[in-house]
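Just passing along the structure, written as C-alpha cells.
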Amino acid sequence: MIKAGIIGATGYTGGELLKILASHPNAQVVRAASRSNAGKQVSNVHKYLYKALDLEECAIDSANFRDCDVVFLALPHGASSQMAKELVGMGVKVIDLGADFRLRSIDSYNEWYGAEHKWPEVLPETVYGLPEIYRERIKDADLVANPGCYPTSIILGLMPLIKNDLVDVHTIVADSKSGVSGAGKTPAANTHYPDMNEGISAYKIAGTHRHTAEIEQELGLLAQEEMYITFTPHLTPMNRGILSSITVTAKKELTQDIIDQCYYEAYKDEYFIRLRSLADLPNTKWVAGSNFCDIAAVWDKRTKRVNVISAIDNLVKGASGQAVQNMNIMFGLEENAGLKFGFVYP
Amino acid sequence: MIKAGIIGATGYTGGELLKILASHPNAQVVRAASRSNAGKQVSNVHKYLYKALDLEECAIDSANFRDCDVVFLALPHGASSQMAKELVGMGVKVIDLGADFRLRSIDSYNEWYGAEHKWPEVLPETVYGLPEIYRERIKDADLVANPGCYPTSIILGLMPLIKNDLVDVHTIVADSKSGVSGAGKTPAANTHYPDMNEGISAYKIAGTHRHTAEIEQELGLLAQEEMYITFTPHLTPMNRGILSSITVTAKKELTQDIIDQCYYEAYKDEYFIRLRSLADLPNTKWVAGSNFCDIAAVWDKRTKRVNVISAIDNLVKGASGQAVQNMNIMFGLEENAGLKFGFVYP
Amino acid sequence: MIKAGIIGATGYTGGELLKILASHPNAQVVRAASRSNAGKQVSNVHKYLYKALDLEECAIDSANFRDCDVVFLALPHGASSQMAKELVGMGVKVIDLGADFRLRSIDSYNEWYGAEHKWPEVLPETVYGLPEIYRERIKDADLVANPGCYPTSIILGLMPLIKNDLVDVHTIVADSKSGVSGAGKTPAANTHYPDMNEGISAYKIAGTHRHTAEIEQELGLLAQEEMYITFTPHLTPMNRGILSSITVTAKKELTQDIIDQCYYEAYKDEYFIRLRSLADLPNTKWVAGSNFCDIAAVWDKRTKRVNVISAIDNLVKGASGQAVQNMNIMFGLEENAGLKFGFVYP
Amino acid sequence: MIKAGIIGATGYTGGELLKILASHPNAQVVRAASRSNAGKQVSNVHKYLYKALDLEECAIDSANFRDCDVVFLALPHGASSQMAKELVGMGVKVIDLGADFRLRSIDSYNEWYGAEHKWPEVLPETVYGLPEIYRERIKDADLVANPGCYPTSIILGLMPLIKNDLVDVHTIVADSKSGVSGAGKTPAANTHYPDMNEGISAYKIAGTHRHTAEIEQELGLLAQEEMYITFTPHLTPMNRGILSSITVTAKKELTQDIIDQCYYEAYKDEYFIRLRSLADLPNTKWVAGSNFCDIAAVWDKRTKRVNVISAIDNLVKGASGQAVQNMNIMFGLEENAGLKFGFVYP
C-alpha cells in the first residue's frame, strides 16, 4: 500500500482526496494536516466521514510526512512552494493541487499571483500533471503540478484540434460554467445561499482570471506559438461541475468526419476521455463524482468554426481525481485504480 | 382602461402576462383563452393566482376577442399566424409572443420553422418589437412580433457596438445560459427535476437553434451586412433568467472609455437598460421578475475583443414584460407603466 | 402619501420593504438608514434596485426620521427597543420587524433573548401585529410588534381550531421548513451555497428556538391556558417560503365538514388567507412574493388528529408584507393596498 | 463472485444498483433487464455509465436470470410478485425493492395497493429486509422485501425507544422530507423543474400515503400492539435524501442520558447507524451517496416528548444500498462490502 499524506485537508478538494483514497485498492491516507483542525478527527470537519474514516489530523509540518510515499498539497497559492521543496528534499513525492508550480516561469507567476515563491528554480522543469499530454514525464516526476479545473476542461477540449493544426489558435473563445464548490469552502457574500441560488453570473472576465495564464501557456506549448484567448468564467447555481463551451475558427474547410477522426485518434486510448456528439452533448451531471471528461466537438459549416463542449467534475478530474490519477501513474499502478466509480446520479 | 386579451394563457408566459397586467394602472385582462383550461378559472392552472385574479377562460376563438383593444398571443409557432390575421382583420391590435412574425421572409420561416404560415404576405412589414431599436415603428403598429428571449439579450448587448461600427460582426460568439422556464411548461425527460437539477448542458449548438436566424437577421440589419454567428444556448439549473456572454473582435484599437461612451450614448434614454461594469458584472438575480436588461461591455486589450455580458429575465424582458412594454408604446402610455417593480430578490 | 422610513435597510427584509413600498399607491419611503450603507444609495446594497429606486441612506439616528409618519425597524433583537421608544416619543408610529416587542413580559424576553431591553414597561400593552387576530387593536396602535415568520404560519394555521375549542392544545406538533433567506444575509458556514444546497436539516429543536416562546404565548392567549408545543424548524434548500405541517389531536370525533366550516367561518372575510384542501395542498411556490397564507386542514379519522399545512413567504407575510399590511390598517387604507400582486412563479 | 441480476434497470434505483455493484468486491451484475431498454447498453439510459460499465440489457423474462445467484427486482408494485415466484422457484434468491412483499397480510396489500398479487401465500413468511431488526432471518431468506425509503428512516429512528418501552406509540408524529428522486424517473407536472424548484409541499397526508401501512406494521410488531401514526411526507427541492423529524411522547419522565444510553445500546454494533446530537443534528448531505442512517434523539423536558431526527439517502439506505446490504447478509459477506464509500459532498 502506498502511504499518502494530505496537507490542507479541510477544504473541498481535501475532503474529496480523503474520500477517493479511502477506497483506493493500492493506497491509503496515513497522515493529514490542516491549520484549523489539527488534533481532531477529519470527520470533525467532514461530517459525512464520521465512522467511515478514522484519522486524526496533525499540524502542518513537513516533518510529520517524512515517512509518506507521496503527499498531496491542497493549500492556497503561495503556501505550497516551501512545503514542496522540503518534502521533495526528504525524498517524498509531491502532487500540488495549488497553483504554485503550474506556470513555467517565475515572471509569469509573479505577474499573475504576486506571492513570494520559495522554490522558483524548479519551475522550468516541473511537470504539469495533465496525463493525457504529459503521461511519460509524470511517470518519473518527484513533483507534479496538478492542473487547474478550468484549464483541464479547456485544454482537453482543444488539444486534438491544436495538435493537428486544424484551427487558428488566435480565435479561441472559452466560456466556462463552474459549480460553486470551485469557489472554495470559505463563506462569502456572493456565495451565500440566497444570493447565489437562482442566479448565474460571470466574473473576472476579459483576461483577468488567473487560469488564463495557465491555459495560454499549455495551449501555446501545444501550438508552438504564443496566443491570447478569451476566457469567461461563470459561477453556476450547482455544487459540482464545469462545462466549457469553446469556439475556435478552422484554418480550412473541415467536416464532422475529419473532426470525429481527429478526436478519436487523440483519445482512443484514454480511459478518462469520453467522446460525445451533437445528439448527446456533455452534461455536468454525467461526470459528477467521476474522473471522466466528456467532450463533443461539432463542426459548424456556416461559421467555419468548431464548437467544443467539455464537461468535468471540478473536484475530481478538475482537482482531486486527477491528482490520484497522477499518483497512479507515478507509482506504476493502473491509471484508473480507485477512480472507476464515483458517479452520483441523479 | 385598455381591454386586453390573452390567447394561450396556461403557459409560463401566459401566467406572467396575467400577473403583470393585473397590476397595470391602465390596462386589464378582460378575456383569456386556452385549449386545456377553457371554462375554468385561470387559477385552476396558475394556483398562485387563486383569490388574486378572478377570470374564467374561454375557448380559443378570435370571435371571443372582438371587443378587446389588444390581444397577446402566447401560442406554439405555427398557431399564431391565422389567429393574428383574424384579429387584425377585426381591428384588434396583436402582440405575438411566438415566432410566427419574427422572421421577415417566408423563406427563412420555412427553413427554420417548417410550419405552414397562414399570413406570409404580412412578414416583410411586421414590426419586430424590440423597443430600443424599433420604438417609432411600434407606436403605429397593428401587429408586433415580440422578440425571442435569447435574441433580446444578445441584440441589446451588441447593438451599440454594431451601430457605431466598432466591431467585426463576423467574429460574434454568443454563449447564453437560460433558466429552465425557457423550456416551457410541458414536462420532459431532460427537465424532470432530478435530471435537470445540479447540471448544466448546452443544446442545439453550432447554428441549429432557431433563434440563430432571428439574431442574425436583426444584427444583420443593424450592420447592414449579412453574417453568421456562433450561438451556444444552455439550460441552467435555475427557474428564470438569461445570461449572455458575448465576444466580438474590434475593428480597431479601442479603450474602455470609448466603449463606455458608446453604450452610454446608445442607452442613456432607455429606462430598461442598466449599464454595469467589470466590477459589477450582471447577474440574472438582479433582473429576476423585472423588465430590466443589465449590460456590461468590457475591453480586453490583450485579445482586442469586447466582452459583453447581458442579463434579462427570460419571462419578462425576454417575453411578457417586453410585450407589455410594446403595448404601452402602441397605446401611448408611459413605457414603464406596470413594469416598474416586479423584482424578486433573493 | 404616507411618509415611511426604514431603519435597517440592508437586510433581506429591508430590501423587501423597499420594494413593496416603492409600488404602494398611498405610501413612499422618504428615508432609509443602515449602519453599513449610510451615505450611499440603497442600490449599492440592493443591486436589483439600481435605477428603479433613487434613495440615499442616512445614519441610524431617530432624529433623521422625525418627519416620518411611520418607521419600520428591521434591526437585530435588542436594538429596536431604544429606537422605538425615541420614535414613538416624537409622535412617529413604529412597526418593529424584530423581536423586541413580541413577548408580553420582560421575564419571558430575558429568558429567551437575554438582551437588555430599553423600554420594558411598554411590553404588556404592545400590539402583536397579526391582523387576522388583532386588527382592531392595530388600528389605534402607535407601536406594533410584527410577528415572527414561523409564528405567523403556525398561529394562522391553528387559530380556527383553538378558538372553537376543537383540539387539545397540549398535543401540538409543528414541523416548519424555511427557505434560507430566513437565516438572514450574513454569510455563514451552514448557509454557504455548496454546504446548504442539496441538503435539509433541522436546527434548534426540542424547545430551543426563540420563536417557541412567541408561538406558545399567542396560542395560549387564544386557548386561554398555558401550553408547551413541539416546534421543529428546518432549513430547506430554497430561497423563500415557510411550510408548516402541524398536527393536533381533536377533543372529540370530528369530520372534514366540521373542520371546513370552522376554517371558512374564521377566514371568510380575510383577504390574505386562502383555504386549500387535501387535493390541493399548499405549496410555498404558490405564495412566493405574495402576502397570502395558504392553509389546508385535513381530518385524519384514523388518528383523531387534524393535520394542518400552511404556507407563507417568510419575507412577505412572514415579515415585510405583513408589516405593510399593519401600516395599511394603522392608517385606514385598504388592507391589501400595495400587496395585491407580488407573486413570482415559477 | 456472486452473479447478480437486475430486473427493472432503467429507473433511479436500478441505476444506483448498477453503480454500487460495479465496484462491489464480491459481486457483479451479469444481467439486467428492462422493458424500454432491452437490447441496448445500460449507458443508453444511464448516460453517466458510458465506458464505465459495458452491459447490454435483455428482455424482462425470468428465464434470462436462471443462472444468477441473486436477482434484484426494481419494478412497479404489482409486477414483482409473479417474477419473484418464478425466480425463487428456479432457486434464485430474490431481493424485491418494490412493495409487493412488504405487507404481511394479503388484506392489507389489497387495501393499500389494490393490485392483483400473484403469490399471496408467501406473504406471512417473507422477510422484511431491515437488517438492524431482521438480520438473522435475512441470512437464510430466499426472498427479501426491501423496505420503503420513508419506513427505513422512521423505523430506525424509533426502534430503540419502542423496544425499550419508553414511549407511547399512539402519539407518534412523523414528518418526512424527501428529495425528488423519490418520486421516480417519469416526468410529471409537479416534478417538472420550474414547478418543483424553489418550493416545498406536503402530499398524501393524513394517513393516505401507502408507506403508512408499512410503518405501522413494523412499529406495531416492535411494540406488540396495533397503532395509527401521523405520517406527513413532503417533496423537497433537492435530488437525494430523506429527513424524518419524529415526535413521540414519553411514557414517563426521561433524561437525555437515558435516551443516549438507549440508542447506544441498540446501535453500538450497527455499522450503518451513526448517532448524532442536538449540537450536530443530522443533515441529508452527510449521508448523500452512502448507506448510513444518521440519527439524533433529543429529550424535550418541557413537553415530555422525544424529538428524533433521522437522515438517509433515499436511493441508498432507502433502496439500493440497503438491498446490497441484504445481499451481503444473505451470502455471508462483510455487511458493508461495496458500501463503504459512496459519499458525495458537497
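Here the chain labels run A, B, C and D in written order, and each chain numbers its own residues starting at 1.
Basically, a residue touches a chain if its C-beta (ideal position, glycine included) is under 8 Å from a C-beta of that chain, and two chains touch if they have at least 3 such contacts.
Values in this document were obtained by computation on a predicted structure and should not be read as measured data.
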{"item": "Mutual neighbours - chains that touch subunit A and subunit B alike", "value": "C, D"}
{"item": "Chain pair with the higher count of C-beta pairs in contact (A-C, B-C)", "value": "B-C"}
{"item": "Matching chain pair for A-B (criterion: over half of the contact pairs shared, by residue number), options A-D, B-D or C-D", "value": "C-D"}
{"item": "Separation of mean Cα positions, subunit C and subunit A [Å, integer]", "value": "46"}
{"item": "Approximate Å spacing (C-alpha centroids) for the pair subunit B, subunit C", "value": "36"}
{"item": "Residues of subunit A whose C-beta touches two or more other chains", "value": "12, 181, 194-195, 197-198, 237-240, 283, 285-286, 288, 346"}
{"item": "Subunit A contact footprint on subunit C (complex, rising order)", "value": "12, 179-181, 185-189, 191-198, 237-239"}
{"item": "Partner subunit A, residues of subunit D touching it in the complex", "value": "12, 15, 19, 22-23, 46-52, 181, 198, 239-240, 271, 274, 280, 283, 285-290, 292, 340-346"}
{"item": "Touching residues (chain side subunit D, partner subunit C) in the complex", "value": "171, 173, 175, 177, 179, 194-195, 197-203, 205-208, 228-230, 232, 234, 236-241, 243, 245, 247, 278, 281-286, 288, 298-300, 302-303, 305, 307, 309, 311, 346"}
